[in-house]
Amino acid sequence: MTTLAVSLSAFGRPEFWIGVGILVAIYAILTLGLQLNIGYTGIYNFGQVGFMAVGAYAMAVLVVEAGWSFWASLPAATLIAVAFAVLLGLPTLRLRTHYFAIATIAFAEIVRYVIQNADGLTGGSQGVLGFEIAWQTIALSLQADLGLAPELALVPLLIVAWVTLAVLFAVLLALGRSPWGRMLRAVREDEDAVRALGKNAYAYKLQSFAVAGAVGAVSGYLLALYLSFLSPDAFLASVTFISFAMLIVGGLGSFPGVVVGAFIVQVVLEGTRYLQLPLTDHQVASLRYILIGLVLILVMALRPQGILGRRQEMVLRG
Amino acid sequence: MTGRQPAVSVGRPGLPARRGALARHRGAAAAVAAAAALLAAGGLVDVAQATVNGLTAGAIFALGAVGLSLVYGSLRLINFAHGDFLTFGAYAALLANAGLGLPLVAAALVALAATALLGVGMELAMWRPMRARGAGALQLILMAIGLAFVVRYAIAFVAGPEPRRLGVDVTSSYDLPGGLRIGQTELWVTVIAFAVLAAVVVLLRSSSLGKQMRALSDDVDLAETTGVDTGRVIIVIWAFAGVLAGLAGVLYASALGSFDPNVGFIILLSLFAAVILGGMGSAYGALLGGVTIGLVQEWSTLFIDVRWKLVVGFAVLVAVLTLRPEGFFGGERRL
Amino acid sequence: MAEAPILTVEDVHLRFGGVHAVAGAGFHVARGSVTALIGPNGAGKTTLFNVVTGFVRAERGRVSYDGAPVTRRPPHAIAARGMVRTFQLTKTLAALTVLENMLIAAPRHPGERLTTVLVRPRAWRRREREARARALELLDDFGLGGTAGDYAGTLSGGQRKLLELARALMIEPRLLLLDEPMAGVNPSLGRRLLEHMERLRAEQGVTFLFIEHDMEVVMNHSDRVIVMAEGQVIADDEPHAVRADPRVIDAYLGARRQEPPA
Amino acid sequence: MSMGNRAGRTLAAAAAVAALGTAATGCGGDDGGSAGEGGGGASLELTVGVLLPMTGTSSAFGPPLEKATKMAVKQINDAAGKAGVDLRVEVVTADNESEPVASVAAARKLVTEGASCIVGSSSSATTIAVAQSVAIPQGIPMITPMSTAASISDLHANGGVTFRTIPADPMQAEVLADVIAERLDGAEGKTISIAGRDDAFGQGLTSEIKRNWEELGGQATGPLLYDPNASSYNDVAGQIVDGDPAAYVIIDLPQTYAKVGAALLRTGKFSADDLFIAGGQPATIPEDTPPEALNGAVGASPGFPTDGPLVEAFDALWDRSPGVEQQQPYMQNGFDAAMLCALGAVAAQSTDGRAIAEELIAPSAPGGPEYSYQELDQAIADLGAGEDVDFQGVSGPLDLDDNGDIQAGYVNVYRYIDGKLTVERQVQAGD
């Protein structure tokens, strides 16, 4: 019982919310990309975690292996992710949505295996570290200036993560409300109608996918900063699926929904660590994933528009 | 967003039969070249051994892929839970065998029935009602992913994470002529798998139900207009897919010797590769695709590090989608 | 027929599986004319539309629009050049509003370029205002002004046909290919549609090629009729001449679903 | 390999950061610092956090590790009572899912629950992740009972909070190479076949062993790394036995070796008598592994004394205590890690992480009277009185060096006989 009390009191501790807060921002950013692809453009990007991995590792390898400056590596990593998106999208975006879904999930797995097996470059399963020193230096001096206690060491990252989220959120919101975003929604509804009106539906799908790749890369190197260490098993396919849960809980087609969804799902995932259930840790861990599965099933069955999505759109889309 | 698209936008504008034939010739040429390369790389014995290994894996993939493809063809549903159906089959057999003390063969049959029930149950509980509500492709696909999580981790929750084994002899093996070897269980697995696959072909070809299944998965509307009782046939397809998935699971678990709750999910992408290679929706295609993926993965180990074996399967998948999305054996469907 | 025809189709071939959907069809469409394309079901009319507008690539044959070949051009490029088609089953974008449906068609819209939106977020506002004005104007013409804010999915079948036509006009087309514009449209709306066609031809010199089963419409509103059967053009003449043509009658009687010319 | 020098290259910079870190956190408040001042009579409420691999690849080791640490804590609280020192230790646990991201989240959970000393984590990847993003930035000492990767030694320079109660890979690899050479009467001209699972554990040890073997003048094929998720292992087995080598070295975890071992036997060329393994292995051959695949295999693992009163006492204690019966590798190391947490706190007279980290090495290093957990009360009393002690762990003398590594570790040379892991002898490695 005392343990239960301890566990509950933990929710009051700032460190918990700092950790969760950073992950919420990171996964919200990842999911913004999915929202643009799935919610707006109707292309089934099932490999978003692949771009997260590409972004994170491109940054790390450029810094540690190629000796680039950390700051230079960030835009470079983003561009590399975009290049991956374009190369993958060019052939596969011509295909039916289902084929594309499978192609992207395969892409993400290939990325993970290559990272794991190209030890020379990526450190393989041993992982990479030492890429974030430039950042740590700043973070630590910030920590000193703000007079933060050790357990608040992550506050600077928390701030950066949320600022990044805010910026990307604003950009995507603007994109979504622009005629460009309108065109994406049109493509989602019916590519042929769009083509018949003189607009290149394929090009819009490719642009949407490329933007998602860039956004995924950003979430990738934020995760890298959070872990201060990269290893391939941080990029399992299940990350994309959890990101789906965030996407649909918040609501398809709604960017604010992404943030709400990311927050709810992440708090539930982390919260379950504190529950003192009469179960083995292993069962609790399984329970956590069963929960994710049920969320996906029930939301899609009962409230396909999620919390903030527009029911009308979901229904009319059928 | 209904996942099925009007005729005007087939993935590739109407592919003339002529090009198909051409591609088939090219395929043959490629096969010859590949064979030559193999022999150069491996030497006869190694190639033969890799082929034996590949046939075992391939037969299992084929069993898993046929159901996946039929379900996709008839429902335009990518059943992400299909891999976990294999796992379900394996654990059902384990429970019936170790738990209820049934002999393994009986236990296996129980497992097939159980997996079929799982498939049909989900159709009645989930898919049918959702279709009735006119659910979109995205809704269904995400529900399938959710189902995959639930099945896999429910198994993990009950059975625990530790690896299990079915009571089969995985250590002894037979000498085949030419210095080749095959595991005793693997031999059985391969023989059973191919026997069942042959039966599947016969069933799909000659039985009216089989024809209806293929018709449905070729073109739902056409099937409906030609008076196929789709509701009933879909149930049959789920049962059929379930039985095959269950069998694949049991055989795979037996051949591996040791399995855990991730066993099926791990090969899901290889199953996708098989389905794509065969042409989505084509039962025969998936069958050939499965065997091919198995062979390609094993042959790859003659050229490159074994670490890449799985990736080779995925790479084939992406390559096929890029070069020939309608698949290579899709033509079979028209037979 | 002094001017060169606006559309020329020559010897188009296309098979689906075994079926010879289009087998050497060819014809001209004169500038400013209203041409009807008729024929029994499965004659290959819609398939020919798909070929002409670039949605399906023919195995053989040439299509040239306004003097330039468009045989290998993608659909959007063809539409952008002013040859615009509608669909047998209307393709209104259900989850977009009626107004948004119209705006999608607005040509030369900088706001539809990713780079512009990212780099110069203001640069497209003016064009958007113009397009919006034009769209509302057209919607009023077609009696859809009141629905501008509704989801297109909520419109009636007839209204969708009108919306599709109005939307096509956003592109300022010079050749409109209409696939069964009258199908599923109540008579009054149908009349409205025909009036619009007449007006557009008179005022803007738009050329029309339309597939239609309603023989009365065909006979009274077209100045030329092309008849297809089994993938070939079996007649191409003035309405009255076609009506008398024995081959046409055979074609219709021979075809499974009879539809004797009125 | 590439890992090692990568870490090396970044070491200088890392050290600089560490300096900054202490500078920054010097002003940081210390929670639980109710102690610190006052000395002997001060009351210490220490919370030890334990990262347990309850799920994922290392899940076999989770439950015994949990039991071992809880046993240790009970011993400490009893001893503290006897010694009349006001020390109360509580345990909080978290599942690290054998995976880095989850490990970090789990470690944060432990910290939020007040843990100021962490026992863990399991695989090297998880340990490095936790060190990098929790232990080092927050100044929380972490003592891993399981991670043997060489690169972890480099981490200590960065913040001085990472420790281990288990010998690092090089120590194991060196011993194993010697053992193989001895069994084959010399390495000269002998070719052995090295393989391992494709993860941090396999990649690290196989390359170390290859290096050591070649230094002894032998040749080696491989390391052949295989995917733990492969759909079949006949190809792997075929390549391992290819060109019938003098011996096989296979670095794997039980759950994968169950499949690989079966495949090896099917080749008909393989005999487990020529098999050498390393790392923690289960005390009895797991139910899903074919016995013939392991019986007769010789291995080296970070070990612990196997006879003498201490061992008997520990085994008795184990049998008395609640939880799983089956002993597993690493549990003694976990037991000792928990002990060190407490001793560090007593020595520091504080439950603040950094203070404990400062005092972790001294109580284990030579100097002062030697005490085992059986004389824990005296150890606590002495430390409480500000005297130095040399704590003797059940996993070995510990004796942490300046990298937080144990200088002198026992490496057990064991062999599977009749399905049981029987330790044939122990090598005092290091020094």
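In order of appearance the chains are A, B, C and D, and numbering begins at 1 in each one.
Everything below uses one rule, namely that a residue touches a chain if its C-beta (ideal position, glycine included) is under 8 Å from a C-beta of that chain, and two chains touch if they have at least 3 such contacts.
Since the structure is predicted, the reported quantities are computational estimates derived from the model, not experimental observations.
Student: Which chains contact both chain A and chain D?
Tutor: Intersection of chain A and chain D contact lists gives B.
Student: Taking contact as defined at the start, I'd like the list of chains shared as neighbours by chain B and chain C.
Tutor: The common neighbours are A.
Student: Looking at B-D and A-B, which pair shares more C-beta contacts?
Tutor: A-B
Student: Among all chains, which one's averaged Cα position is nearest the averaged Cα position of every protein chain shown?
Tutor: Most central by this criterion: A.
Student: Taking each chain's centre as the mean of its CA atoms, how far is chain B from chain D in angstrom?
Tutor: About 42 Å, centre to centre.
Student: Between chain C and chain D, what is the gap in Å from one C-alpha centre to the other?
Tutor: Each chain reduced to its C-alpha mean, chain C and chain D end up 75 Å apart.
Student: Taking each chain's centre as the mean of its CA atoms, how far is chain A from chain B in angstrom?
Tutor: That pair's centroid distance is 31 Å.
Student: Roughly how far is chain A from chain C, centre to centre by C-alpha average, rounded to an integer in Å?
Tutor: From the centre of chain A to the centre of chain C is 43 Å.
Student: Give the residues of chain C that touch two or more other chains, as numbers and ranges in rising order.
Tutor: Counting only residues that touch two or more other chains, chain C contributes 55.
Student: Can you list the residues of chain B that touch 2 or more other chains?
Tutor: Answer for chain B, listing residues that touch two or more other chains: 6, 8-9, 161, 305, 307, 310.
Student: Got the chain A residues that touch at least 2 other chains?
Tutor: In chain A, the residues touching two or more other chains are 117, 188-189, 192, 282, 286, 317-318.
Student: In their shared complex, at which residues does chain B touch chain A?
Tutor: 1-3, 5-6, 8-9, 11-12, 72, 76, 78, 126, 129-130, 134-143, 145-150, 152-154, 156-157, 160-161, 269, 272-273, 276, 280, 305, 307-308, 310-311, 314-315, 317-318, 321-322, 325
Student: Provide the residue numbers of chain A that touch chain C in the complex, in ascending order.
Tutor: Those residues of chain A that touch chain C are 171, 174-175, 178-180, 182-183, 185-186, 188-190, 192-201, 207, 211, 312-313, 316-318.
Student: Within their complex, state which residues of chain C touch chain A.
Tutor: These residues of chain C touch chain A: 53, 55, 74-77, 79-80, 84-87, 91-96, 100, 103-107, 109, 111-114, 117-118, 121, 124, 128, 151, 153, 167-168, 170-171.
Student: Of all residues in chain B, which touch chain D in the complex?
Tutor: 46, 49-50, 53, 56-57, 60, 161-165, 170-173, 175, 181-183, 186, 252, 255-258, 260, 262, 266-267, 270, 297-298, 301, 305-307, 309-310
Student: With touch defined as at the start, can you tell me which chain D residues reach chain A in the complex?
Tutor: Touch residues, chain D against chain A: 2-3, 6-7, 9-10, 13-14, 16-17, 20-21, 23-25, 27-29, 31, 52, 54-55, 59, 62, 92-95, 97, 99-101, 104-106, 108-109, 111-114, 124-125, 128-129, 132-133, 137-139, 149, 151, 198-200, 202-204, 225, 353-354.
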